[in-house]
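Just so it is clear, A, B, C, D and E label the chains in written order, and each chain counts residues from 1 on its own.
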């Protein structure tokens, strides 16, 4: 059962980013499952969720993909369908887009259904547009997600000060995303800092964009 | 049970306004609950509503946030979900926006469901656009909200004459919002005037934007 | 039970028109109920419908208000909610607007639900735009409303010839609206003419915009 | 029970076309019923369907009217409501408009519900825009309607060759519309030709726009 | 029961393409059924699905047609309706259009309902716009369809290298479409290559646009 502070494998980039992010990489469900089992759990879509055997399987119910013309997330999996394999469900709330209102409606719909099924809801609180990586916007989005009923929040790690602010104004557990590939030392520093302020992490591209993902997963767990 | 005339704590600005309105302030659920218990109740979103222990917990079901590009409210919490912790539910009806029609539909949906659950509905009757603080618009919106079935109405306090008009044309209890930070004397005067014409108040920023919110809460209650 | 030919009080202008049409006038539920009881019934929104004690309470389920930017009606009350107090329900169908299609959908939805609850449906068949007061448009709209299943129709009184045409092409009872304030003699003439061709009336502003509404109500009933 | 080949009375022009097409004509439910009983059945909206006593009452569930600004059909009657009086239900699918997608959704919705009620579905397969009376477009639309599950199809009669093509590529019974008023000989020729290739007809304006509709109805039946 | 690797007849072009693709050709349900029985199954719409007697009847639930102004698919058949005759259901997901979000919602809706009925879902993963026949876009779309829960995927065959990539990154069975008419040798080469990498095929226009479709069907099965 998800408690906060976990170090999770993220695997949604075959939807969000496409082949540029996985070409030449083994992203078979077997390998994804193997890495997930090295960590505290996994965030992925329903297709992979059905294949991996891991603890803390968090099924991402909404999607945006790289060929879409709108900056918007839509539901691709129902809570009912996810409930067969999920320990928790996740949905992304972009803020600062023309489609904010519909996404608020989407969060309500998923939250209502998830709680009916006894599943906790993780909201990815992600500013978009000019304020995508703005400290204040990240703080705003992550607190707001909790106000409107998220059980867990995931947002950007924008440095120690920002991360500390986010956690300080939170009353639900926070996970920080790993973002795009960066030096391994930096990844591990962030993981350690997150842990030191009581937050978890969800690492994807910093694993998948490295040849030795299994080893990096172990390093993240031991950081 | 809500009867009208209560002096309520408002805490929705972590959604509606963002960090500019709370940075540096303790907005932990513990403190929010403490202040709510000094007053007659609280209007807040579901996340906080689950944490506070207070009488008259009014769950705000709709939201607008400061990063949205539309002047519009969307449902972020279902009546069913709120019903576990709510003594009443609230929804905002903006008037004078391009999205008025959809918000009328939203009021109907919430009202129908709230009454099915035996929960009274508080409608925030808020003009927007050029007429945001127009006396006639405020009178129009607050009476209309009652016509279409609100059990309680909250609107702007635009001075004694306006407040009196609003109440005179009301057949349901009215609450006046405290608006943005203003001199304490003015706040207390408004509270007293509201009481003298049988109306309640919902005070948020005038508490949260002051260091000594607990003391101000007591002064409001004793005014 | 509504049969056709009734002389009804209309009270929807606190929604449709706003304070310009009621400022300085006693529009308390008590007075509205008193006048309604002088007449054959009342058309009003759910808020007032819950307060008046009168025969033939027709609850208006859709609304347009004077601050809206769209020429469109949206549902503000569900049939289920109205069913507690309503003898019939009403909905407005504007024709000649960009939103005609959605309003046809709205009529279907209300009609289906109303008939499920055993409530007759009154459709306000109101052309809008250039043809608002066009004889042919009024004839078209009122017959169409009956074709698509209205049990009763309300439309504009555009003179004796027009009113006669509307009734001649009707196979359901017709009510004519009183329109804006006009000389009392004219109002009473229209009421008498409507009666002579088997139609009822729904009088609102010609009562509310007069000091002696109670007396006028009696004159209408005795006309 | 509808089998194909019937010669049907069409009465939907009080919705689709308006007073220009019926002014001065007796379109009382009594007369409509009388003519319907002279023929094999009737296609009409729910209002009239409740009044006529005839075999093969086909209730038109969707509508477009002459004051609409969109070239689009919307549902004005639910299958459930029609099921009290209908032997079959009908819906129009325009092709070549900006609203095609929504109308495909509408066909699915009606089809699903109609079949649940055991009612066959007649689809009016009507191209719109530049290709309204294009042979290929008519052939395309009528076959497509059958592919997606229509039990019966109604389309334009664009001459013998076109009508033959439509029937040749059909695997469900076809009805041809009579179109606007034309010489009686032409009407009867089309009826005969339709019959010779196994198709039925639905005649409206060519009856209603003639003084002696009853006689013409008999001539159509005997053609 | 569909397992992957089947060689299927595709018959949806009377919806997708229109008379230009079938004029002069026998597309009676009898002939379609006959050819389907020569092969491993058929993908078609509900109208034909009700008529053919074949194994592996895959009912296409969404449609786009050649007269539509939008590049978009809408549901024309419900899962419930298809369930009477279907062994599996199919839906098209275009990527790279202004309507991507709604189509993601559509996939979720169909998937949820299909799995409730125990029917596997085949997703046509089809890029549109500039990237329609782009190798990377096809790889992206086909993997994404599996991520979000498709049980089977169908996409374009863009040559041996592309087809191999698609299969290599798949964890569900893949079918390749035959595309437009091309030399028979090429068709058979593609069928053999697909089989060699474990993929199935769905051949439509390369059968229907040939006089001897029955013979070609046999050649495909024996390739």
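Basically, a contact is a pair of C-beta atoms (placed from the backbone, for glycine too) under 8 Å apart; a residue touches a chain by one contact, two chains touch by 3 or more.
Keep in mind that this is a model prediction, so the values were computed, not measured.
Chemist: Moving only between chains that touch, what is the shortest number of steps from subunit A to subunit E?
Modeler: Step count on the best path from subunit A to subunit E: 1.
Chemist: Give the fewest steps needed to get from subunit A to subunit D, where each step moves from one chain to a chain it touches.
Modeler: Contact-graph shortest path, subunit A to subunit D, evaluates to 2.
Chemist: Any idea how many Å lie between the Cα centroids of subunit C and subunit D?
Modeler: The mean C-alpha positions of subunit C and subunit D differ by 33 Å.
Chemist: Measuring centre to centre with CA averages, how many angstrom lie between subunit B and subunit D?
Modeler: Those two chain centres are 54 Å apart.
Chemist: What residues in subunit A touch two or more of the other chains?
Modeler: Expected reply: no residues.
Chemist: Once the touching pairs are worked out, the chains link into a ring; list them from subunit B, going toward subunit C first.
Modeler: Counting round from subunit B, the next being subunit C, yields B, C, D, E, A.
Chemist: Residue numbers of subunit C touching subunit B in their complex, please.
Modeler: 12, 14-15, 18-20, 22, 27-29, 44-48, 50-51, 63, 65-70, 72, 74-78, 80-81, 99
Chemist: What residues on subunit B touch subunit C, complex-wise?
Modeler: Residue list for subunit B touching subunit C: 95-98, 100-102, 104-105, 107-108, 111-112, 115, 127, 131, 136-137, 139-141, 143-144, 146-150, 169, 171-172.
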